[in-house]
Amino acid sequence: MTNAIFTGLMLGGMYALIAMGLTLQYGVARIMNLSYGEFLVAAAFASYWLFTGWALNPLLGLALVIPAGFGVSLLLYRVLLTPLVRRARTRGALEVDSILATFGMMFIVQGIMLSMFGGAYFSYSFLAIPVSLFGEILALNRLIAFGLAVAVGLALYLALTRTRLGTSIRAVAVDPMAAQLVAIDVVRTSAFAFALGGALVAAAGVLISMFLTFSASSGVIFTMKALIVVVMGGVGNLLGCLVAGLALGLSESLVATFVDPGLTLAVNFALFLGVLLVKPAGLFGRAQR
Amino acid sequence: MGSSVTRFAAGLLAVTGAALFAADGPALAQSSVKIGYAISRTGPNAGGAAVTTLPNYEMWVKEVNAAGGLKLGDKRVPIEVVQYDDRSSAEEAARSLERLITQDKVDFILPPWGTGLNLAVGPILNKAGYPHLASTAVTDRAPELAKRWPNSFWLLGTSAGAANTLVDLLVKLRGEGKIGDTVAMVSVADGFGIDLSGAARPALAKANFKLAYDKTYPVGTQDLSPIVNEVKALNPDVFIAFSYPPDTLGITEQARIASFNPKIFYTGVGTAFPLFKQKFGANAQGVMGIGGWSGDSAPIKDYLARHKASAANGAEPDRWASAVTYASLQMLQQAIERVGKIDREAVIKDLQTGTFDTIIGKVKFENNLPTKYWWVGQWQDGEFYGVAPAANEGARTPVIPKPAWKAP
Amino acid sequence: MLEVANIGVTYGQHHALTDASLSVGRGEIVVILGANGAGKTSLLKAIAGIVACLPGKRVTLSGRDIAGLPAHEIVEAGLALVPEGRGIFADLTVAENLLLGANPKRARDGEAARRERVLSLFPRLGERLGQTVRTMSGGEQQMVAIGRALMSNPDVLLLDEPSLGLSPLLVRELFASLRKVRESGVGLLLVEQNARESLAIADRGYLIENGKITGSGTGTELMSNDAVQRAYLGGIVASAL
């Protein structure tokens, strides 16, 4: 039982980690980024390359990959997405435009990865050592990823709720029209939020590469998972991300242990649908007026 | 740097589904042999195709053209390639093949990667009369398909063959007193896992093995530790996972972390990948898996060296279907050269009846199926040797029990 | 302080506002009276930079040209808008709304003192700092909106129908608060349908009809103006004054 719960928490922490960047990009910047998973895999490749080519510890690699994720996302927003933002009359229109634009982006990022690394599976071993926690044996790399997911989630949550910059990011998420009335540069703040999301997805990619096998084509899996967590937790809500991710991870691990591993997907979707039936805007979301 | 830029451009072209090499009208007096293929450069199959199929296609074309081309009669004719990305989709694969046949008018077609796509394109190749050397498809329908489509050759055999050979090996080892009765089996809930576990289940029962654990998990499961932990608690002698590459790596990693070390540890697709050795190093020792090759044979050693020199980043082939894929190309080449002209019907006939000298030894089809397969391999001192069927030339004696996991 | 000249707004073919000019002085309360659809809201939004204007306009604030600046820079320049429907962050708390109000750089110095002033002006907000604005009454939400605008340390405050949907008692309270705001030197430009209450506190006013400014005068002049009497005051009050 304890083992199932630990495993579930760690899996859930990973799901939350995957989803946090998307909730910022979608919730604040209103960009439904379909190339999200590709960016995650790109970060995983970057980490792989640094680790195997330069013997750089992935945890130290974070110091390079996170700023790179931020910079690339900022550039992407400025060059590709800002014209869409200026053109869009409503948020709905922006969402549709951004889906189309990032769908194209997905192929470009995938193509770059394919040409650089080929289509094969990649995996490396880092901190894949057992640690004993409350009498249960866990993999250290997963434990670290979980710890960082929780730490990053809480730190961001505090930053968003306790600082002026964070509050203004939330103000844009809540009401971009009103945000201009308090001297918030909505486009700039959205760009910042999008880039922050890019930094988060880069962090997630690095951490996940320590224990998951990935290939240039595996991005879509992560986009889907992130989307489920984001929608379930409430778009734009980091705490929702954390709770929804943990709920999915726990349910998956408990079902795999006590019922049948074949039912994990079914239970995931049942949970997802159940939440949306009771709270259509997600666990922590608010219905749009 | 220049090459990576061109490769980048090539990758871009490939993902947009565009043809890499434009065809320049019908060839006059056979100035080239046009060979076409649609392969999964993107999508879920891309990981397999990139390891097993593409490097072999590319290396073969490179080698043949370096020698001046295919020998047609008394002159050599270079190969011209037309290729598409089937995006891992059966519809797209079918469309691409139709295009290769009707628009590009290629002379020969190389098959896609994987069981599903080979089954999907079978009827098209049959109807158009192209030889179909399926070297990456494992299906129980192989004998039936070979009969229905006489142009098709199923080089990797049947899942029943894979499962029965494994169980035969277990029976033999039990007879030698090396293992006990309890078996734990997990399988991925997808084509490969369903077929293999479906064949293994009755075979294990018939051989009076105790199946202590028998569960499936969905494709793409990201954490397999609940399964490994539960299996470990049952303490079986034999652990069998009919898994896909990411799961194979995940299960092995988790087993090592949880110190789950049964006497036989067998995993599915991906065990024979060079990536497995790369990731687990000395810990690969004793792990069994599907596939294997005669790692000591000179042609295989030579093939390995050429593959490393030819493939991007010095990649090694996998130790199962890679060599079979390359051998299938050698067979196609020998058949074409023996016929001496582009006569697909005659080439099919030659493939059905001829004997071929390949890196996996002499091959002669019987009813369009080879007579020998490697079904169980084991990592021994950094090489994945075939261990069963034991009658195969070059079969190694399995190391039982599997040595304990080491700290990485 | 705020000088507006020749401002015009079109929505497609529809001319919402043509050649409007007006001014608001320091510590002055100016009211704009007009029927629904007369162009009042367009006028405020155009000044605040929320909707695009036709070329040729001139908008200066304390002598600085602010025409054509994006909305967020206009706030930075010292002009705050409380839009129709209040434009507050309904999902955030009172404290967060006030914090965001002080987001412009011009509002950072003396933020704490300003917050004290806002809370003394609207003591009820002080009791409910942690409450989510969505759950508050209409009057309280209006207080949040005005309080938030004041937190930006504005020179001029634009208010679009602040009395809409409030009970007569609350309206009186609200206008009393606005008078206090004016005492601190802030200029107020007020769009209203409640002519009686608003003219009572106004120094000057403008009449707007079909997108054009058709008249102006001091509060008392307008109060006794025939057209105003007929349109807004029911025509029976004049003698009483």
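By letter and in written order, the chains are A, B and C; residue numbering begins at 1 in each of them.
As a working rule, a contact is a pair of C-beta atoms (placed from the backbone, for glycine too) under 8 Å apart; a residue touches a chain by one contact, two chains touch by 3 or more.
Please read these numbers as outputs of a predicted model, since none were measured by experiment.
Closest chain to the protein CA centroid?
Centroid comparison flags A as closest.
Measuring between mean CA coordinates, which chain is farthest from subunit C?
If we average the C-alpha coordinates per chain, B ends up farthest from subunit C.
How many Å are there between the centre of subunit A and the centre of subunit C, using C-alpha atoms for each centre?
42
Centroid from C-alpha atoms only, then distance subunit B to subunit C, rounded to Å. What do you get?
74
Between subunit A and subunit B, what is the gap in Å from one C-alpha centre to the other?
34
How about subunit A: which of its residues touch subunit C in the complex?
By the definition above, subunit A touches subunit C via 164, 167-168, 170-171, 174-175, 177-186, 286.
Touching subunit B in the complex: which residues of subunit A?
3-4, 7, 10-11, 14, 107-108, 110-112, 114-116, 118-125, 128-130, 137-139, 142, 211-218, 221, 249, 252-253, 256-257, 260-262, 264-265
Which stretch or stretches of subunit C touch subunit A in the complex?
On the subunit C side, the touching residues are 48-50, 70-73, 75-76, 80-81, 83, 87-92, 96, 99-101, 103-105, 148-149, 152.
For subunit B, which residues are in contact with subunit A within the complex?
That would be residues 4, 7-12, 14-16, 40-44, 46-47, 49-51, 54, 88, 186, 189, 215-218, 220-223, 225-227, 229-230, 245-246, 249-250, 253-254, 256-259, 270, 273, 275, 278-281, 312-313, 315, 407-408 of subunit B.
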